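Sending over a structure as structure tokens; questions will come in a sec.
Naming follows writing order (A, B, C and D), and every chain is counted from residue 1.
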Amino acid sequence: MDGMVVGGWEYVWAAYGLSWMALVGYTASLWLRGKDT
Amino acid sequence: MNQLRWMLYKDLLIEWRGRARVAALSTFAVTLLLLFSFAVGPDTDALRTHAPAYLWLSVLTASTLLLTHGFKLEVESGAMEGLLLLPVSPRAIFYGKAIANMVLLLAVGVVALLVTLVLFDVTPRENPIWLLLILVLGTAGVSAPGTLYAGLTARLHAAQMVLPVLLFPLVVPCMVAAVRATSLVLGGDAMGQLDSWLWVLGCFDAIYWSLCGVLFGKVIG
Amino acid sequence: MPAAAIEARDVGRRYGRRWALARLDLIVPEGSFFLLVGANGSGKTTFLRLAASAEQRNRGELAVFGQDPARRAENLRAHVALLSHKAGLYEDLSARENLELLAGLASMEPRIAEWLAAVQLEDRPDPVRCFSAGMRKRLAFARLIAQRPRLALIDEPYGQLDPVGFDLVDGLMHTLRDQGATVVIASHLVERASRQADTALVLHQGTPRWQGPARKVPAAWAAVHRVPA
Amino acid sequence: MRKDWALVATGFVLLAIGHGLGLFFVPPEAMMGETGRIFYVHVPTAWNCLVMFLIAFVCAVMVLWSGHPKWDARTTGYVEVGTLYNVMLLFQGSIWARPTWGVYWTWDPRLTTAAVMAVTFAGVMVLRKLIEDPERRATAHAVATVVAFVNVPVVYMSVKWWRTLHQDMSSPSTVDSVMHWPLRTAAIGMLLLGVGFAMVRAELERRRIAIEDEAPELPPVPNPLEV
């Protein structure tokens, strides 16, 4: 396969990992903020 | 229209009385130009290439001081409320202030431009009259949203901090176009791109001069 | 059209968690000279600002010449003038220029000399920045007179003035009234103000305590402060 | 509130399915290889970021139009979630840029616009924090949101003209049909998630304002006064 980028799973995991961390983190922050009130 | 004329007359008259302020502002812009050159170092070629960027950055930085000051005068004396109760239409207040800000910024810009030409040893390759048009369009692009946001933040203690945070990202397109156009005039416009950048500036001005005029009434109501 | 310049029913205004004015029911007849008295923070200024459409009430009904000031209608604002604590003058302009600006903005015939003469400020060409507090007050009165309002709302007409100024201002307010305007003033100078007005309202800590003929205000004032609510 | 949390949950499930498909079932992309899988998280984020800001814009217009506090709370919610997606977008974009162009940052119009957009909306959120009077805060926040949103296409166009570095990125109409399902599932998941988040946030804001701006009891009716 000519010109195809080989490997690169670490970038994939980084992108998904950060995104899920952000989403779960925001959920948690909403949950905590909701508990206070 | 009549009200707009009076508002503009008033703002310009006040600034004329306090012309030391505009002088101070121009000095500030020139100081920034000097600082940029010190920061970059004595590489004349680099300085010459980036001269348009320094010019516009110093004008933009100086604009925040100008903008916050204009509304501070109005709000602290209660004059703004007096105008609204008179009643003066918010649009007349907005356009009067925005035009006045633009004129003052233009004055600062002209001084900064002349200093830029001398300091960085640049000779415009195209007709220098274009520079004036770019200055007019560029300062107009800063002053319309700038006046709106200055009105929005006038009552805040942190006005001078918040204004740049709101204004600078907004005027990115205006800065991009103004810097590009300026460097085309200074460095030569072989590809004939100047027109399109002027067009971008014009569109930016048209969008924000109309939008901000509508929104301003809501802001100060 | 009811013959009321101001009609308030259960009007309330709060700042944050505190009622600055509450439970106010009031009718100010057109053409009357109305006095509001009360200690600091009793709600006088708040009421004037509500009537002038400079602020919005939080509850109740309020009508000025039959219109709701909350709508900030231009035709109403053009008939109502507010003289507030902040003079609203441009410091860098002279008295004459401030009045010229007013006339220009309101599309009035600029009879500057006449207005300045009315407040005895003819011979001051310097910017307002150099004026004393009392002179600013006079200039603010000149602005008020120039507007020829149907309803004049005056917050502390005597504030910062000298005894000569007191008489001057009394004269100006009666002139306004003779021209058919409704005059509403808020003042601490109970004795003096009650000799000028017809009817009065005593406010105490944001609520109305007494309403009646102005000549009885000193007695009512004393009673309010002797008998706590 | 419960319905909103249900939306969040559904969104998470759909997003997980979409991402699972994209990560494990779809073959590597023809040009990008395995790194092409970043698409399934990046493209839905980009779309939904714009969608969130669009809804925020509509809510802000409603604040200015009707002045009802519920629109103010909603604007707050959508601005916050939009900014969250925006920041995610920036991280994903620079991770994507590294294997593709060899750098973490390029002055690509989309990336640059996203950065400017993030700073603009961060400014809007800061402004909201600084104003105390609820009514004034609602209008100022709404005006800033409207202007910030109008600015997005303007920035995009000008940056595009300023520097056109590379070809158009793919969108579902130009990509393999095998990519459609993970992409769409993830996009719908993120949409539901975003709307759910924003509604929860709006409800929290509404409660906060209600507490902060609760009308105190009226002062007692004073005794009549004889003079």
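Note that a contact is a pair of C-beta atoms (placed from the backbone, for glycine too) under 8 Å apart; a residue touches a chain by one contact, two chains touch by 3 or more.
If you're wondering where the values come from, they're calculated on a predicted model, not measured in any experiment.
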item	value
Geometric centre: closest chain by C-alpha means	B
Chain centre separation in whole Å, for chain D relative to chain A (CA means)	16
Distance from chain D to chain B - Cα centre to Cα centre, in angstrom	31
Where chain B and chain C are represented by their mean Cα positions, the distance between them in whole Å	40
Intercentroid distance (Cα basis), chain D paired with chain C, Å	49
Sequence positions of chain A contacting 2 or more other chains	none
Per-residue multi-chain contacts in chain C, two or more chains	none
Shared-contact residues (touching 2 or more other chains) in chain B	221
Complete list of chain pairs which touch one another	A-D, B-C, B-D, C-D
Residues of chain D defined as touching chain B within the complex	64, 116, 119-120, 122-124, 126-127, 130-131, 136, 139-140, 142-144, 146-148, 150-151, 154-155, 157-159, 161-162
Chain A residues within the chain D interface of the complex	1, 3-9, 11-12, 14-16, 18-19, 22-23, 26-27, 30, 33-34, 37
Chain C residues within the chain D interface of the complex	12, 14, 16-19, 22-23, 56, 58-59, 202, 204-210, 212, 216, 219-220, 223-224, 227, 229
Residues of chain B that touch chain C when the two form their complex	2-3, 5-7, 9-10, 13-14, 17-18, 73, 77-79, 81-89, 92, 221
Of all residues in chain B, those that touch chain D in their complex	145, 148-149, 152-153, 155-156, 158, 162, 165-166, 168-170, 172-173, 176-177, 180, 196-197, 200, 203-204, 207, 211-212, 215, 218-219, 221
